[in-house]
Structure formats: structure tokens, C-alpha cells
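Two complexes, one shared chain (subunit A), two partners (subunit B, subunit C).
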Partner chain A sequence: MRRLKWLVPTLYVVFLMLPIYWLLNMSFKTTNEILGGFSLWPTEFTLDNYRKIFTDSTWYTGYLNSLTYVVINTVISVTAALPAAYAFSRYRFLGDKHLFFWLLTNRMAPPAVFALPFFQLYSAIGLFDTHIAVALAHCLFNIPLAVWILEGFMSSVPKELDETAYVDGYSFPKFFVKIFLPTITAGVGVAAFFCFMFSWVELLLAKTLTSVDAKPIAATMTRTASTSGYELGLLAAAGTLTIVPGAFVIYFVRNYIAKGFALGRV
Partner chain B sequence: MTARTTNQKAWWLVAPVVVLVAFNALVPMMTVVNYSFQETFGDNVFFWEGFKWYEELLRSERFHDALVRQLAFTATILAIEVPLGVAIALAMPRRGPWVSVCLVLMALPLLIPWNVVGAMWNIFALPDIGLLGRLINGLGVDYNFTQDPTSAWVTTVVMDVWHWTSLVVLLAYAGLCSIPDAYYQAAKIDGASAWSVFRHIQLPKMKRVLTIAILLRFMDSFMIYTEPFVLTGGGPGNTTTFLSIDLVKVALGQFDLGPAAAMSLVYFMIVLLLSWVFYTVMMRNEGT
Partner chain C sequence: MARITLETLRHSYVEKPGSDVDWALASLDLEWTDGGAYALLGPSGCGKTTLLNIISGLLRPTEGRVLFDGTDVTDKDPVDRHVAQVFQFPVVYDTMSVFDNLAFPLRNRGVAEPAVRERVTEVARMLELDGLLARRASGLSADGKQKISLGRGLVRSDVNVVMFDEPLTVIDPHLKWVLRSKLKEVHQRFGNTMIYVTHDQTEALTFADQVVVMLGGRVVQIGTPVDLFEAPRHTFVGHFIGSPGMNILPCAVDAGKVVFDGETVALDSPPRAVPAGTLELGVRPEFVRFAPDGIAVEVVKVDDLGRHQVVEVRRGAHAIKLIAAEGEAIPSERPRIAFDPRRARVYADGWMVEGGASR
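Entry: the complex of A and B
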């Protein structure tokens, strides 16, 4: 039985890969072939779908727009969450517990609830259809998550580290950047990973807050599907390409994740 | 969390977070609260309606049905994803080159945009051109998720299991990795069975991360919108119309701001209440 243990994760990974394989398979077919019949691999192998995406600006700007607001959001969320998480893990202050819980309740707010008021709010302050609007809106659920994760990591760092540094004459900002941050890089990696992830995959708010200039790739896909008929091959290619940035991010943070999860309380 | 010192200046450290989140939370929330008590006929003309929308909502059969569907869906996916995720995490290698391979491949579904997940499962499960649809029909089972409610329901659940079990796996695996080898050696010397190792060493050590996993899965599955919307559009009929889909239909489809706002608030309160219950129940035996 012990020998067959590897079967469980293997079967699971196969199950995970099957739909992805099917998407990849479709992306190399012409729309005619897809609708014409059923085949396990492309018989008329074509790169036209990908060529169209890389040459048509309505397609590739979608990717750039998504990446732009995701990166802005990750930077804002982690930067703002760092000092806050430090405060929650080290200090007791008026209303700290209530504040922490209030932050978490925002992680529980269904985006569907906020779609319409967000549209009105960001239109009113003139940020509608900008990258910064989506980046700020995604802070609603990413900041609480980042604070939650970072607080766990920071609490596992012994307090003596802070005290020794202060005795040695470090000021708070200098201590924080030079000594404290390097000890929790794994935590920052995990927090950034989750912020990137939840901002990259969210569509409802991103779609509501943009129309042309900052339109995310996911919205380009849904709008294409409804306007120009059913170009399945093109949609499959676009879908395949949305997996690529995520795959890169996972590859770069894989060690942080394994190590980070093990160290922190996450 | 040992001996935190009292320091009111710590408020300065949390100020940026409070400002950013409050801007996004309080203003829209007050807008929703306002709408929920009023009737509008466009052009910013509003009439006070009191609790009318709330009374209508709580008596509405449509809302009850959506809520029941939502609860059934969330209960089903939690019952599948949590045990499955723990089982996979237990079977994963602890060290060696395969750890990275497993982690990278398993994390992949988590980083696919939600509408792509829906679209991907759509073409994967279509009875005529999809691999899954062909396979199941080939086995002699009548399967068509665009027309048959049972098929639609099962497809939505399987899609969610595909999409999110990895989150439970990653978190449970992290918990398992934090157990020192000495614990296992001690258990071996005592001749403990695999079950008692799991029950008395692994499960208690995973408790904290599992609490986070269950809470995250509960909250996110309760808000699910994009994936079933793209996969089935809430159909056939209303069989996969969950709360968020119903809410968007009312708010943006019919533009009934008052009823939609009342529904938003009731919906949010249900999520809050259930999360709180989950959290208290799971943390009760923690002792800290």
C-alpha cells in the first residue's frame, strides 16, 4: 500500500491537466475543425489563433492592461499591509481586535454586492476605465488577506529581534527595512503570490470598472464570444495565454511557497 | 502573539490600510444601504420605502430557492474538497525533486482567470466536441449539461473541485511540513498505526491551516459568480443560479436598485454570520 502512495497525487495531477490539455488542443485547431468533428489532437495543426492575438492590438493590449493593474495592486497591497501587519503582531492599541476583524469582513464581501456602487464611486471621482481604479478596487479583498498572511509570519519572528535592534540604536524605519524585512521574505513572497493570484483571476469588478482603455483580457474574451459569433479556436488560444503569467509566477515563488507555508502560520 | 506592548502610536502603522479599505468599503456600503430603503424611477429621483424591499425579499420564493441552492452547493464542495485535499496532501512526497513538480502543477488551476475556467470546462464538457462529454456519453450515460439539470449541477461541482481542491492541498501540505521528524520517530517507536499518527499528530498540527482553508473555501464558494455564469449561465432554468448570479440579474439586468440593494445586505449578513459561526466552532478547542 505504501508503494502505491504516489498514485494519489499522480491521478490528481492528471485530472487537473485534462481540461487544460483540451484547451491547448482546441487552440491549435481551426474553428471549422473544432465544429466539424471530434479528435484527440489537432489534425490540421495551425498557429493562426495565436498569430491573430499577437498582431491584433485589441487582443494583446488586454493582456497588458490586466498585467498592469495586477502589478499595481500587488505593490499597493503588500506595501500597505506590511506596517499594518507589524502593528497587529507587535502592539496592543485601542480597537485593534475590532479593526482586525473589520478588515477580514471585507474579504467576505461578495464582489457582486459592490459592482454597482463601485461603478458609481469610481465614475464620480473620474477614475473610471483606468488601471489604478481596478488596482484600488481589488485592494478591498487583497489588503485584508495580505495583512492576515503577513501577521502570521511576523508573529513567528521572536520579539527579541526587535528589542536588540532598538538597543543597538536602529530607528524604526531602518530596523524594519534592513533587519525585519529580510527575515520574513518568505512571508512577503506568499502574500504577493496571493495578491497577484486573486487580482489576476477576478473579473466581475475589473469588467465593471473598465470600458476601453483599461479593459482586461478576460473581458475582451467574453465580449468577443458574444459579438463575433463563436470563434472557439481563438477563445481557446486566448485562454491558454492567460495561464502563462500564472505559471511563471508559480515557478518563481515555488520555493518560497513550500518554505513559506512551512514557516508561517498560514 | 506573546506579550504585545500597548502603544497607541501603532495606529499610524495601520492608517494606510484603514484609509484604502475604508474608501473601498464604506462609501459603496453606504450607497447600498441608501438604495435599500428607497425606490427610484431614474434621473436620481428617490422615494423613501422603509423596510418594504426587505419584507418582500424575505418572503420571496426566488430568494429562498437561490439561498437553498447556494447552501447545497457550498456544503457539497466543502464535503468533497476538504477530505480530498487532506488525503492528497498526506500522499504527497515530503522531499525530493517531485515536491516542486507537484506544487507547481497543482497550483496551476488557482491562477487561471475565473471566466477562462468556466469557458475551459464548457468546451471540455460539451457533449459533441468536449472530451468529458464524449467520454461520459460513450459510457452510455445520458449527459448534457446545457439541458439536463442533474448534469449541469454535477458539472458545476466537479469544476469547482478541479478549480479549488489545490488550495486545500497546498495549505494542508504546509501544515504537514511543519511537523518535526522527531514526532514521527516517536510514533514509530510506540508502534502507532497510520490512523493514530493521523488522528493524534497530523490532524492537530493541521488544524490551524485547515481552519483557514475551510473559511476561505466557504467564503469564496458562497460568492461564486463567474465560473457557473460562463459555464451554464445559471441554467438550465434556474438550477445553477446561485446567490451572486441572481443578485447581478436583479441589479444590472433589471436595474431594480432597491430590491438588489436589500438583497446585497441580507446576502452579506449571511456570509458574515456563517463565517463567524465556522470560526468560533473551529477555534473553540484551540485554547488560545
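Entry: the complex of A and C
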């Protein structure tokens, strides 16, 4: 029994990794091989799929578009959430608790609810099909999330830190930037990560609010499936590349996220 | 350094304070002389921390003024008041080294780097932090962090006042003693005005020249430790300071005589008139003794504490404690006790009746 204790975790990891492996496997195959039969690894190993993505502008601009609006959104969300979270964590004001809860309720509606109003609004004011349009739309969900996460981290910093800094001769802005922010880097990291993640995987709003100039990669992928036949190898390669940024970001914040969980805010 | 005057200070955390309970500080007039070592003593929630925060400028009082050397600073920010404050729990700037933490208040005031170095080294040596100066502050134990907080409070020599808000709560007992004597030493060496908040009477009495006792947002007594011990102005002071606390017994005043449970108690100068309010007789256990001609009681229990014995006796429903010398025989047959006529006092609604007793 004891000699078999590695078995369950191994099975679990295999189970988790299987779809990712299959995607990777497919991305190195030709479409014909994928459709032709079952093989555990590529028999005709090819990098053509990746080559196509990195050279064909209709493909790589998809990534650039996605990254652009995701980064804009993350920056806006965290920047807007920092002062808000500070206010919620440090001051008592009329209706503060209700407002804080209401922030969360914003996340309870599916994004589809907001697709139509955003579409109409952005078309009317000429923001349709721009990166900033998608970035702003995602703020609706990401700012409350970031406020919620940051508030937890900020509240775990004692108020006396602020007070000591004032007594020691720092003004509020100086304190906030030079002492407070470095103290809650973990929180900023976690908040940024979640904003990044949400914005990166959100498809519906991103697709509705763009047509050509700001089209996200996920939209490019669905299009290819319907127009020029089945380019399964190409799609798998695109899928693999779509996982990369998320995996990359999560690598950097993995330790902070555990702390976020401990604070009950992730 | 400065003389700090508080004029009719009141503070409330409630928007529109109505009744008495809304006031965290209910009218304070206080003067802290320059270079004094003060202890601010009182139970939790009596307004000690509020008072400190008002002096340092973190809180703006609802009413009243704060004066430093006669200059009104009520509207000034903490930065401009030149004070130092140490809180109950360690506050360190995590991202900085121990040295930078200690140097922080100096650098913010534009002190030249050689002077910073000299001063930080001196304070670090005093607090036994000299080996850790290069370390990052975040990695230290709670003790170490609190020493940094203390060091930051002491590093500037030009502050008006240094305030400690129960600074030794997180510190190990043996180190507590060491740090307390260090603070005392610093005070004697630099002569800063120091205010030390605590709810531990030993700490207060060993640290301070003057003890300010607060209760429910009011100052009930200011005095030397000896004053507080010998002439508590309020039953709370009598009860709070001293171990065991003062005996507080119901009494009546009748035609210049103080009567406790049917027995006349001799006082050097009893109240001339009958004071209004609930009357109580306060007498410290140290000033109660067994006497053959005293009030008849029964002995409940005797605690031998080595240097002295604490004897608990009963008179009807009233428990009375008294301190007997080491080895003193406790009478077993019909014990009687007497109160020291110079030290027993009459209190009306908790407050000592003026002129009721004199030394």
C-alpha cells in the first residue's frame, strides 16, 4: 500500500496535463495527420504551424491586440483600485460597507449582460473596435476585483504604519508611494495577476466590441475554424501560444497568491 | 523640547456627540512640563491612546486647544509638530534595513549623513541592535522589531515629546525590564519630555516622575507615585494602584463621625459636613492592622507572600484585606482590626472628600 502512494497524485497530474499535452502534440502535427488517425506523438514533426502564426499578420496581430488591451486594462484597474482600496481599508464613511459589497455584486452578472449596452455606447461615441474600448469594458469587472483584493492586503498592514510615517515626517503621497506600496507589493501583484487573467480569457465582450483593428486572438481562432476548412494544427499551435502568457504571469505571482488565499481575498 | 498644554480638550469619535458616553475624552486641562517623565495610566478604553494621538496631531480634537510652549498647534500636521510616537505593536518599514529604519526620521528632517550615522549608531548600541544594522527589518523577531520602533522614537534629539503607547506589550518579560531601565536612562541623559502609556502599574510607577491616572476620558489624579499611593484622590486610583488595591467600604458620616457597619472609625480629621452622594471609606491594606480595641472581624484566609502576608478578613458582608508583616502572628481568637486614622479617607461618589482627611 505504502509503495503505491505515488499512484494517486501521478494519476491526477496525468489527468490534468493530458489536454495540455494533447494540444501541444497536435500543434506539432500536420492537419492531415491529426485527421488521419490516432497517434500519441507527432510522426511527422513540424514547426510550420508556429511559423505561420509568427509570420502571418492576421495571426500575430491577434496576440498583440489581446496583449495591448489586457495590459491597458491591468494598469487602469490597479491604478484606480489602489486609492479606492485605501479608502475602504482606512476610513469609515457613510455607506462604506454597502458600497464595498455592491462592488462585488457587479461581478455577479455574466459579462453577456453588458455586451449590448457597451456595443451600443461605444459605437455611438466612436470607440468601437479600439483597444481602449475592450480595456474599459473589462474594468467593469476588474476594478471591483482589484479593490477587493487590495483592500485585504491593505487592511493587514496596521494603521500605525501610516501614523508612524506621518510622525516621522512623511507626507501622505510620499508615504503612499515610498512606504505603503512597497509594503503591499504582494497584493498589487495578485490584483494585477487576476486582472490580467480575467481580461486575457474573457472572450465575449472582447469579440463583441472589436471587428478588425483590435480583434483578440481568441476571436481569430474561432474564425479560422469556420472559414478556410479545418486547420487543426494551426489552431492547436495558436492555443498553445495562448496559454503561454498566463503561465508566464502565474509563475511570477505564485508565492503571493498563497498569501492572498491566506487573507481570504483571492 | 517643550511644555505641552492641553486646554479644555474634548474629543469624540461620534459625529454628533450627545450623552457623556459619546466622549472619548471628556474635558481635559493638563500641563506637561518640559523634560518630565510622565506615565499615563488607566484601563483599556479610557482615552489614553486618543490623548496621545491628539498630542501628536494624528487626531484633531473636537474641542479645545493643544499648545506647545504656548504656541497653538491644534491645526498643525504631525510633521510640523516634531514629536515621536511609538505604538503598542512594532511598526517597521519592511522594505528598509534596520539602519535605514532608524535613520528615517533624521533623514526626513534633512540631517547630514555623518550626523545620522553617529546618532543611529548610538541609539542602536543602546538598544543592543548594533549587530543587526545591515539586516532587513522585515526578518526580525517581534522583540527586535519593537526595538526598532523604540529606536526610531528616540533617534531625534530635537523632538518636543516622545510618546510611548504601551511599547513593551510584545516584549519578553526579562527584556521588558532591561528596556524600561534603558528608557529611564535615555530620559535622564537627554531630558526629553516623555509620555508613557501603560495599564501596568509597575511600569508606570518605575518609569515616571509623575503619573497621570485616567478613567472614562477624564484625568482622575496627577501625582508622584507616592501621592497616588498615600493619597488617592479617587477610589479608582486606590483600587487600580497597589496590590492588593485599596479597601473600599460603605460608610456613613454622622455629626462629624465616620461610621462603618455600626462602628465608629477614628479619623484624624473627619468631614466637617455630611458630603452629598454615596459615601465610602477607603483604606489601603498597608494601613490596616490588627488591634485589640478595633472592629471585630473574622479571618477568611491568609496568603503568605514571603515578604509579607495578605490577610483577608470579613465584617458581615464586607471583605477587608490587610497586610501583616512577615512572621506576624495572626490572631485566631476574636480578631479585631483598626484603620490608620491618618491614612483612611472618606470618598463621596468615588472622589475624595476634601479636607476630610489630612496627613
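Just so we're on the same page, the second predicted complex is superposed on the first by the 246 of 266 C-alpha atoms of A that agree within 3 Å, B and C clash if a C-alpha of one lies under 4 Å from a C-alpha of the other, contacts with A are read in each partner's own complex, and residues count from 1 in each chain.
What we mean here is this: a contact is a pair of C-beta atoms (placed from the backbone, for glycine too) under 8 Å apart; a residue touches a chain by one contact, two chains touch by 3 or more.
Keep in mind that this is a model prediction, so the values were computed, not measured.
Residue contacts after overlaying the shared chain place A:Ile132 against neither subunit B nor subunit C.
Of the two partner chains placed around the shared chain by superposition, neither subunit B nor subunit C is touched by A:Val71. When the two complexes are superposed, the chain touching more residues of subunit A, out of subunit B and subunit C, is B. Contacts of A:Asn106 after superposition on the shared chain: subunit B is touched, whereas subunit C is not. By the document's definition of touching, neither partner reaches A:Leu24: not subunit B, not subunit C.
With both structures placed on the common chain, the touch criterion links A:Ile179 to subunit C but leaves subunit B unconnected.
Looking at the shared chain after the overlay, A:Tyr166 reaches subunit C, while subunit B stays out of its contact range. Once the two complexes are overlaid on chain A, none of the subunit A residues touched by subunit B in the first is touched by subunit C in the second. The part of subunit C that touches subunit A in the complex is made up of residues 53, 56-58, 77-79, 83-85, 87-89, 91, 93-95, 104-105, 108-109, 149, 152.
Within the complex, the subunit B residues that touch subunit A are 1-11, 13-14, 16-18, 20-21, 23-25, 27-29, 31-32, 87-88, 91-93, 99-100, 102-116, 119-121, 123-124, 128-132, 134, 162, 165-166, 169-171, 173-175, 177-178, 208-209, 212, 219, 222-223, 225-226, 230, 243-244, 247-248, 251-252, 257, 260, 264-265, 267-268, 271-272, 275.
Taken together, the subunit A residues at the contact with subunit C in this complex read 158, 160-161, 163-171, 179, 182-183.
Residues 5-9, 12-13, 15-20, 22-23, 26, 34-35, 38, 40, 76, 80-81, 83-84, 86-94, 96, 99, 103, 105-118, 120-121, 136-137, 139-140, 143-144, 147, 155, 159, 197, 200-204, 217-218, 221-222, 225, 232, 235-236, 239, 242-243, 245-247, 249-251, 254-255, 257-258, 260-266 of subunit A touch subunit B in their complex.
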